[in-house]
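Look at the two complexes coming up: chain A is in both, with chain B in one and chain C in the other.
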Partner chain A sequence: MVHITMNGLAVEAECGSSLLEVARFYNFPIPTLCHEDGLNSYGACRLCLVEIGEGPKSKLVAACGYRVEEGMKVRTNSMRVQRARRLLLELYVATCPQSKRIQDLASEYGVRQCRYQPVDGQPGAPWDPKANCIQCGLCVRICAEQMMAGAIGFSGRGKSRHVARPFGMTSEQCRQCGACLYACPVCELRCQASTAESLLCNGCLNFSPVCFQSYSDAMCFLEPCHTCELSGPFRHEVGIKVHALHDAGQKVAPSTGELK
Partner chain B sequence: MISTAHRLVNLEDLHQAMRQGRDLLYPSEPKIMIGTATCGLAADAEEVLHAVREEVANSKLPYQVTETGCIGWCSQEPLLDICIPGRPRVTYGRMKPGRAREIVRAIPEVKREWALAMMPGDENTLNGAHVNYCVPHNGHMDGLTAYKDLPLFKRQLRIVLRNCGIINPDNLEEYIARGGYHALWHALRKHTPEEILNEVKRSGLRGRGGAGFPTGVKWQAVRDAQGEPKYVICNADEGDPGAYMDRGVLEGDPHSVLEGMTIGGYAMGAHEGIIYVREEYPLAVMRMKQAIRQAQDAGLLGQSIFDSGFSFEIRVVKGAGAFVCGEETALIRSIEGKVGEPQQRPPYPAQHGLWGKPTCINNVETWANIAVIVQRGGDWFSQIGTAKSKGTKVFSLVGNIENTALIEVPMGTTLAEIVYEIGGGVPNGRACKAVQTGGPSGGCIPADKFDLPVDYDSLNQAGSIMGSGGMIVMDDHTCMVDIAKYFLEFLEDESCGKCFTCRVGTQRLKEIVTRISQGEGKEEDLDLLQDLSWLVREGSLCGLGQTAPNPVLSTLRYFRSEYLAHIRDRRCPAHRCRELITFAIDPVLCNGCGACVQICSGKAILGEKKKPHIITQAQCTKCGACLEMCKFDAVLVH
Partner chain C sequence: MPEMEAVKPLLAQFKDERANLIPILQEIQAAFSYLPEEALRRVARKLHVPVTDVYQVATFYRCFSLKPRGRHLVQVCLGTACHVRGGDLVLERTQTETGAGLSGTSPDLEFTVEPVRCLGCCGLAPVMRVDRDTFAHLDQAKVRGIVNRYHPRRKPATVDKIAASPEKVRS
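Now for the complex of A and B:
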């Protein structure tokens, strides 16, 4: 066990645990977007920044990847941390305004304005998987670490970095399990509430054009998409009806897939 | 070339090799040297070399023709040197094959024409030895300036560059002749690893890669770390725009790096060294590999070096040219064959580095200092420089400067001395505006702050960094908003993209600065720039992200009025930002020579011969070619 000070409180922590684990154990809230229990920490979203050290040597570090050290002083909610979180969330909202999770976080941490132009330039523009992806790497890690597939990964560097399949094709390693979709923290709007009871949210049917028509440029690595695959009969038989509904400007209610 | 039969085992062998090397360095016949580092080759040194070789072969005279590294006088490349026994070494600049042939034909007379400078002898900082090429004041080449009196070389102290431009980098004996590998012999046979470590600590040497971490402390950490084997790595992934210090050393004096690394390996208990060099430096890669082969053949690398029982191997790993791979954790991942993305520190590479083993990573320049520190002692080294920054620093002086050069000056030399005295100031009678130190991670220091001594701490306080040593001089025709935009474009591409703050932050910073440079900025944008820069600096994982906003922050700090001119008046004071300027022709001054019509790629200039021309704005791409071309100052920029 190591002894550290967290927000002025002397606490004990297990050797080798991360600051995030310790903070959550003692119920100090730290928001995250790229952290998921059971996956290796990645440190990409920077939302879990906490302040360590004192005086001029204090600095912000990502709590998810920083291991506890004997005697260290940690502040999870200092002015500096709050400022960084607010500025970060402002940047996140600008990158992915469609995400409910990001909107909720922004609201929770007091972001009241977004001074950046939205990525797509137009408010209310459709989801653009490349531009709106926050590259938290959860899909890549869940695929490699939990599904042992490694069917997707990051490609490119800097502004051209993006999640991709090898050579742009679904690899033989991909078992179409849908874990990547499940892990994504920002695309809930596109694939809402795929729970065990109602696997088919049909949320995607409310989008125009329907996802199975355009999955090639959606950031969905399943071919065909999870929803469409599992509702196979519906896809073939009802597909045309859905198209007709779309053409008529009607919306299909999210349901349990009992369109028949 | 030393064959395997001539393994260097003891001091006698080293002295024998030294004598052989002296015969090559100071031969009894005239010697012609041509600088064929990348900078020379880019200026067609190869043609000159070819012409000289041909001329010597035709004349059937026993002249020696050798290649050498870059002596640092880059603005005069290609350089040719004539060394005639008993006479000073004479340097000729801007050589053409024809001129070179004439110079060779004139031997044994030394041609005065085109001669730049002479070197009556050479000083060796490695052992303090001095070799006279001629009897002082023997009348030869009177009136020709000696190197040590040239403003460019006067203030320099060449420790790292001690052999660059003096020896043939392909030749091990010439390196040994100038005292090379003696430090290694002393270290292995006369000192314990602890003594070497203490010597490095005493020298006060700090890492020359940019951050300035004390080298001795790093070595101690690696030595004390648990885990075997240990590794030493030479970071030669030099990627700053306009910086070529490491290239100069690797191409001009590869053995100094090998010797430094071997001594480092001995001090830290490592037996394997890796040189990580970017593939864009093909000549450096070739010379390093050749130097490693030579050292292996001579027994200076391999099993039981100098019969001391200490074994050390070095290999070269080529990087694919990602800027971020200069960051030590990314560099390690790149060597391991993974994506070059930085990792959270701690654990530091000293504890958990390459393949999870203790690893010491130092810059080329740091390694090149080691042999001198061991040879002359840490106390001698610590006399040079300032209180907290010891020794010398190599800078590549580029941009709007008279003497583009690779220089080495003691720490604490002021920027004014570097720019105005060594660099000779800004050409074309223009005023110097600022200097960018430390590349894209550094900042712009304005001309009125040039009394700043160049050392790690002073530069940090001024909002810049030492960096690896690129120094870009800018004249008053440089727009600082444009400069900030340029470096942000570089960083936006070169960020690894893992951290959200660095990837998206640099993109957004560039977006805002671009908006300002197009005259579409708002005053609130400056606050947003400050806020976002703060976030990128505080919130990013590695050194690249943490220093990425420096170009913006330093230009905002020193040149805020320029930003405001772009925003409030929609005006670019330096006439650089294309969206904010228009070109026009003064009908009074224009004599209708038509030169601008010829150069205009957009066919925007109309007019008859000998009558004033006009520019059609719709076609004008604002490239500025007409402005450069016009001899009568008739092209106006608003």
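Now for the complex of A and C:
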């Protein structure tokens, strides 16, 4: 056991556990996009940033990969952390405005503007696996570590890095189990409310009581989300498209609420 | 595939360890001047890793290519110094002279032309490297002579030869 101070509270933690695990155990909320229990921590999304140390020597580290040390002082929600998180979320919204999970996090962590151009230029454009991928690596890891398949992986690097099947063909190891779709934080639920004027949805904030607070864990898993239902300009089109896909006998993500 | 027979002795030199992945790929790249798909599959089988892992490494590094490459690698520098002194014009001329065009490799598989960021000799700008020979202080007129020197079926023209000869630096 090691003794650390978390948000001013003296707590005990097991040796070798990560800051994220400790914070979750003591119920300090830390948002993540690339962390899943049962998979190796990856540290790709950086949303789990926390501040360690004190004064001018304090620094931001990714909680999912940082092990606890004796006497450590951790702040999970300092001003610095909040600022960094907001900036990250702003970038994520610009990368993938269709992701409901990202929109929910943006609402929850106080992102009220998005100053960046969306990646594909069109917030209402159909979801593009290459452009809208946030490269969290969840699909790659769940395939390799839980499904023991390793059928997909990253390819290329820098700007052209993307998740791909080797040689563009379905690998022999792929059992079409759908775990990659299940794990993906951006393709599961779609937010319909982001528009060209504002990439942000922030719809949950218009409800009273505020939506994401009353449904804490489940966030606003009202299916479909009221905001999407009411203001979704693309909702109609998506519906038609999905029926067309069904008719063509194509598989649709099982977890995609509206697409069932 | 007959060419795959050549892969076998290459693979036999190495132990079945994951750490050997990059050395093996380098050997294959050197032998075939690209990485054939079937060879990568064999590497994956030998090292007991998913094909994805091999593919990931093969697409990450610029020294590996999944498409056939030319016999000679022509690297034209587009670093800051070379850019200022017209490196892009040299690149353009090289692409037309070799027939590589924008696709990078000439149809006769003699040359692969690629722009590089910096060759580390900015005082000699603009610079170009063919295989291991570096050519300095280039201009568009000198390009043809250099290309012809490496082309098996072209005689270097006398005028071009003089133009291309003065500063050849062994690297």
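Heads up, the rule we're going with is that the second predicted complex is superposed on the first by the 188 of 260 C-alpha atoms of A that agree within 3 Å, B and C clash if a C-alpha of one lies under 4 Å from a C-alpha of the other, contacts with A are read in each partner's own complex, and residues count from 1 in each chain.
In this section, a residue touches a chain if its C-beta (ideal position, glycine included) is under 8 Å from a C-beta of that chain, and two chains touch if they have at least 3 such contacts.
What you see is a predicted model, and the numbers here were worked out from it, not measured in a lab.
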A:167 in the overlay: touching chain B, chain C, both, or neither? Say first, second, both or neither. second
Chain B versus chain C as contact partner of A:17, first or second or both or neither: neither
Quick check for you: in the superposed arrangement, does A:78 touch first (chain B), second (chain C), both or neither? neither
For A:88 in the superposed arrangement: first (chain B), second (chain C), both or neither? first
On the A-aligned overlay, A:7 touches which partner chain: chain B = first, chain C = second, or both, or neither? neither
Is A:116 in contact with chain B, with chain C, with both, or with neither (first, second, both, neither)? first
Tell me which partner A:157 touches in the superposition: chain B (first), chain C (second), both or neither. both
What's your read, chain B or chain C touching more residues of chain A? B
Contacts of A:144 with chain B and chain C, given as first, second, both or neither: second
So which bits of chain A does chain B touch that chain C touches too? 154, 156-157
In their shared complex, chain C is touched by residues of chain A numbered 144, 149-157, 164-167, 171, 173
In the complex, go through chain A and note every residue touching chain B. 42-46, 49, 59-62, 65-67, 69, 80, 83-84, 87-88, 91-92, 94-95, 115-117, 134-135, 137, 154, 156-161
Of all residues in chain B, those that touch chain A in their complex: 322, 324, 339, 344, 346, 491-501, 503-508, 511, 524, 528, 531-532, 534-535, 538-541
Chain C residues touching chain A - in the complex, by the definition given at the top: 37, 40, 49-56, 59-60
